[in-house]
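After this come two complexes, each holding chain A, first together with chain B and then together with chain C.
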Partner chain A sequence: MSSKRHSILPAVSAGPKPPVHFSSSITIADSALLTGTNLITISSESVIHPRAKLDSLAGRITIGRRCVVHERTMIGAIGTSGKVTETAVTLGDYVTVEVAASIEAGNTIIGEGTTVGVGSKIGAGAVIGKHCTLTPHTEIPAGEVIPDFTVMYSNGMRRVDKRGVADLKNKGQARQIDVLRRMIPSNPAKFT
Partner chain B sequence: MSRRPPRGEYIETDTGNKVARKATLVGTQNIMLGGKTVIQPEVMIRGDLIRSIQSSSSSSSGGTPNNTAVAIGRYCFLSRASCLRPPGRLYKGAFTYMPLRMGDHVFVGPSSVIQAASIGNHVHIGANVVVGEFAIIKDYVRVLDETIVPPNMVIPSFSIVAGQPARVIGEVPEGGHEAFELRELYKTVGNNPQPALS
Partner chain C sequence: MAPLNPYTYIQCPCSDSASLGRPSDATSPTSAEADDEDNTFDPRAPRANFSLYPLEYLLYCEDCHQIRCPRCIAEEIATYFCPSCLFEVPSSNLKSEGNRCTRSCFQCPICIGPLSVTSIETPPSDPNLLAPDRAATQHSTYSLICSYCNWSSTEIGIQFDKPNSIHAQLAKIRNGGASRLTAKERKERRKELSHRGGEAAVAAAAAAAAASETSGGQDMDLETQFANLKLFYNSQLADPNAGDNGFSSLGDLGFSSPSSLSRIMNLYTGGKLHDPRAKSKLGAMREAITADEGLLEPDLDESSLISQLHRSDFLDTASSTQVCSQPPNLGEPHLHGAARFNSSLRPAPYLLRTKRSKRCPVCRHIISKPEAKVQTTRFRIRLVAGSYIPSISIRRLNLPGSNGPGAPAILGDLLEPLKPVHFLLTFKNPIFESLKVTLGAPAKTPGRFPSKVTVLCPQFDIDANTDVWDEALKDNDRESSGRSRRRAGTESQFQVEVGKIWERGRNWVSIVVEVVPASLKLEQGQDLLKEDEDVLEIPMFVRIEWEVENGGDDATTGSGRDKDQKEKRELAYWCVLGLGRIKQG
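And then the complex of A and B:
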């Protein structure tokens, strides 16, 4: 009889294969989608879930250490401005990009420790500070600068996160990555 | 010339589940479907995020530990592009994912992301809804479109919730229970769809 199927993953048409620079300790799922023409750099111990999409057509993508990129995300999307710059998207260390979030290309910088919530849309050229929390479905207009430790919630309101838990969050993220590395079968050789 | 029947859009199993060929199901051995459930195209279910800490009682009983990541009841309907993902947290010093349990007759609207701990029976979730991690939704709840349910929220039975963050804005009226039944909707989908009752 046919062997038991472990996953149903319909094929997705892919674009050009980008040059990549992976650290040896990353976990990248087999069905992640990497397309584009510019360099994609993923630093040590980061995790890319299945069906995450990294598109470097508009510029380089740099992902910091211990980042987690969830499924259905789109990093490097070409926004309405359509500009092509050298570094499209830069993610700092310990950043979490949650399900269906979309980060547009154009010198967009996400600071260290920030959590980009489910379904958020970050416009081109936005600069998000360190340890921010963007709740689900937040939309950041292009070019916006968000200061450090900000929480963006319910339709554009902001407040400052005074809990001082940045270190604890980083340690928690390191533990999460330990577990994810065992759970997600990693296949970096497919993309190099 | 091939005599095979044209490949339908859905795979229909013996228990009556209708799973679209274009749905993305990761880790299918940890996903339990109750029966007569519809999974539309572009749905994503993460069955690979299983519990990483097994409680000691399961290992002493000797059987294989229960590795369910996502358990779905009967007559559920998962609309296009929705995503079911088990919630994860730091538990006893280590990070672990907990199973996502859904009851019967649950309708999940298009493009919704569900990371709840448990969802009761006869729940209607609208389009573009985000249910945060470890939320608990009880029975006969209607979640309106574009609602964001924050993590750890408990939504009591018979309520109507909306907003960002979600607030209880009303209660399901006395005669409104039949609106949650999904048997008719199940028949309208699939390779041989029956027309909907007007």
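And then the complex of A and C:
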């Protein structure tokens, strides 16, 4: 908790501490950043990496079961509109949000089993279907609706994934979470 | 408008039309200079685009004492290698196996990412996902998977039995999983067909052809068609009576008949018009008329493709780059409608890359030679021009007196028309001899908007590029001697003087160029400003002279003379200085 700060930058203002609703089986690093005024729900067996930032200022954030939220992600970023909605971001089950991806607030929904690639940006109100793959640095404009099993390329191309390995992928995710749980020291008590 | 950083481009002498026209005397300095006075190099000429290079792109031939650009260099390939596995491919394999990696290196046909071999497990029937694996006992198949976009070769119906030698396995499989015909199978099938054909009467040949078209013609791939055609023509050539049906003279008139072809060739080669020997030998040949002879009727019924297009998205169709990156696949059905959809694209083996050595085309000496080992990026020989000819860097000079104090010169600032500006050109000497530099620039730049150019010090010497530490130790002597770093005297420090250099250092000299940019006001009847016509570019002729010791390597020329005698070398070339954009209106 009281680790020495090595950075010369001023400390990030913590903001208001949000009300949270955690399942008992989640893994959340204590350097994760949770701010905002609305409820943040994290369901069972999900993993929040260190320095992931969840901001519920613009609405509720719900993270499904067995999700992995990587480092330096920004979930619930208040976009250009700055609108406050009831639900800001909803992640389905088995969603992976990779490093430095950012998801804007405003009824944004990400479907089950979707992978949000490194450095991707998802605009406010976008609805991503189930088992989609967003390749690194994809940008989804606000309000876009992406059907299930879509592969989005960073150059705007898209393709339908016909492998039908959703179950296998979920199984892989479960195994990965099993490993991560051992690697990341969890401290949910800090946030409640 | 994007700011413009000053640049220096050097014209390779290989594209100099003057020296091309007059081979010998154009290289001598006096005539070249005389010639260039009335024939200034125009950097805006359309041809200039192809001869101007930054210094870093140029090489230098030590034997010809000449700059060599990428256009005047003979390349030869040292090694071929796969960029993915860095495996060196012997050039003998190239002829037999083509220019792609024949190991297990593949690119995703959709996104060009590297593909990896992954085993395909059967989907778990157990709802409990964390149950221990029993997959190890099962016989598994393998597929190629792109880790970037999750494309898998199972999407086009391709699976492999073994995780190794994917290239050989892929060559045998068609899209959809059907295996490609081997030569042996093809032979057997043909035998079967001919057997059937033998039973049928000649009169029923048309019916048989129709039948074989429906059965064999549809799935006839390129390889089979070629084999069938080859067999057919071989039999035609072997059979002397095949075309001897009394109409040989008529058949000669057709363009496709070999005898008329040979007659046309005779017309061009000047041989006899009618070669009696050839005529007697080659009768008219029949063309293939059935599928087993290699005839493939184009499948013009594309309704299935059209309906597939109706059902699919634009993004499901393959782009032309995707189609072009596909390797030729002989096991495919015929080209009609091939690979128009993403679903028909196959994994592409990596194209091989090369390491090349470069030779001077005149003296055949090697100018650049990479190390043969694929993994190393070093060069054994690399004679870059930057270590032989002085580099020129450009800086805007703001004189406190004229432009008001403290106006900082920002690179990329727009130049005020008709207001004199000063630029500092710094020449840096890379060689270990002192250089004598002579500059020549036209008084007015070529083009529609001539700017006035004055090189204040067109002739100067640059000291040798001696050892840095020697210089540091000698620094005290240098101070006392007359060659101070900056011209002495505080009152004359910021004054531009004609004929004097601005500043000098260990191996560099700065001089001042005064430019009066032209006004870009368009007069009536003039065309609009073209792209980049507002860029102020100065053509400048650089001639450098230096002396080298007539050492052992030039023993042939200096054998009779004194060994210690110094030899004079010179090099002259045009360069273009891009100074900045002129403000418009």
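One rule holds in what follows: the second predicted complex is superposed on the first by the 179 of 192 C-alpha atoms of A that agree within 3 Å, B and C clash if a C-alpha of one lies under 4 Å from a C-alpha of the other, contacts with A are read in each partner's own complex, and residues count from 1 in each chain.
FYI, a contact is a pair of C-beta atoms (placed from the backbone, for glycine too) under 8 Å apart; a residue touches a chain by one contact, two chains touch by 3 or more.
Quantities reported herein were computed from a predicted structural model and do not represent experimental measurements.
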Using the superposition on chain A described above, determine whether A:P50 touches chain B (first), chain C (second), both, or neither. first
Could you look at A:V118 and tell me whether it touches chain B, chain C, both or neither (first, second, both, neither)? first
Once the structures are superposed on A, label A:R159 by its partner contacts, choosing first (chain B), second (chain C), both or neither. second
Quick check for you: in the superposed arrangement, does A:T135 touch first (chain B), second (chain C), both or neither? both
Per the contact definition in the header, classify A:G143: touching chain B only (first), chain C only (second), both, or neither. neither
Between chain B (first) and chain C (second), which, if any, makes contact with A:P19: first, second, both or neither? neither
Looking at A:V151, would you say it contacts chain B, chain C, both, or neither? Reply first, second, both or neither. second
Considering only touches as defined above, state whether A:I184 meets chain B (first), chain C (second), both or neither. first
Which of chain B and chain C A:D167 touches, first, second, both or neither: second
Let me check the overlay on chain A: which residues of chain A are in contact with chain B and also with chain C? 135-136, 153, 175, 178
Help me check something: in the complex, which residues belonging to chain A touch chain B? 4-10, 50-51, 71-72, 99-100, 117-119, 135-137, 153-155, 172, 175-176, 178-179, 182-184
Hey, which residues of chain A end up touching chain C in the complex? 133, 135-136, 151, 153, 157-163, 165, 167-168, 170-171, 174-175, 178
Could you pull out which chain B residues touch chain A in their complex? 19, 21-29, 44, 46-50, 52, 83, 85, 88, 90, 94-97, 111, 113, 115, 128, 130, 132, 146, 148, 150, 163-165
Considering only the defined contacts, which chain C positions touch chain A in the complex? 110-111, 121, 123-124, 129-130, 148-152, 154-155, 315-316, 342
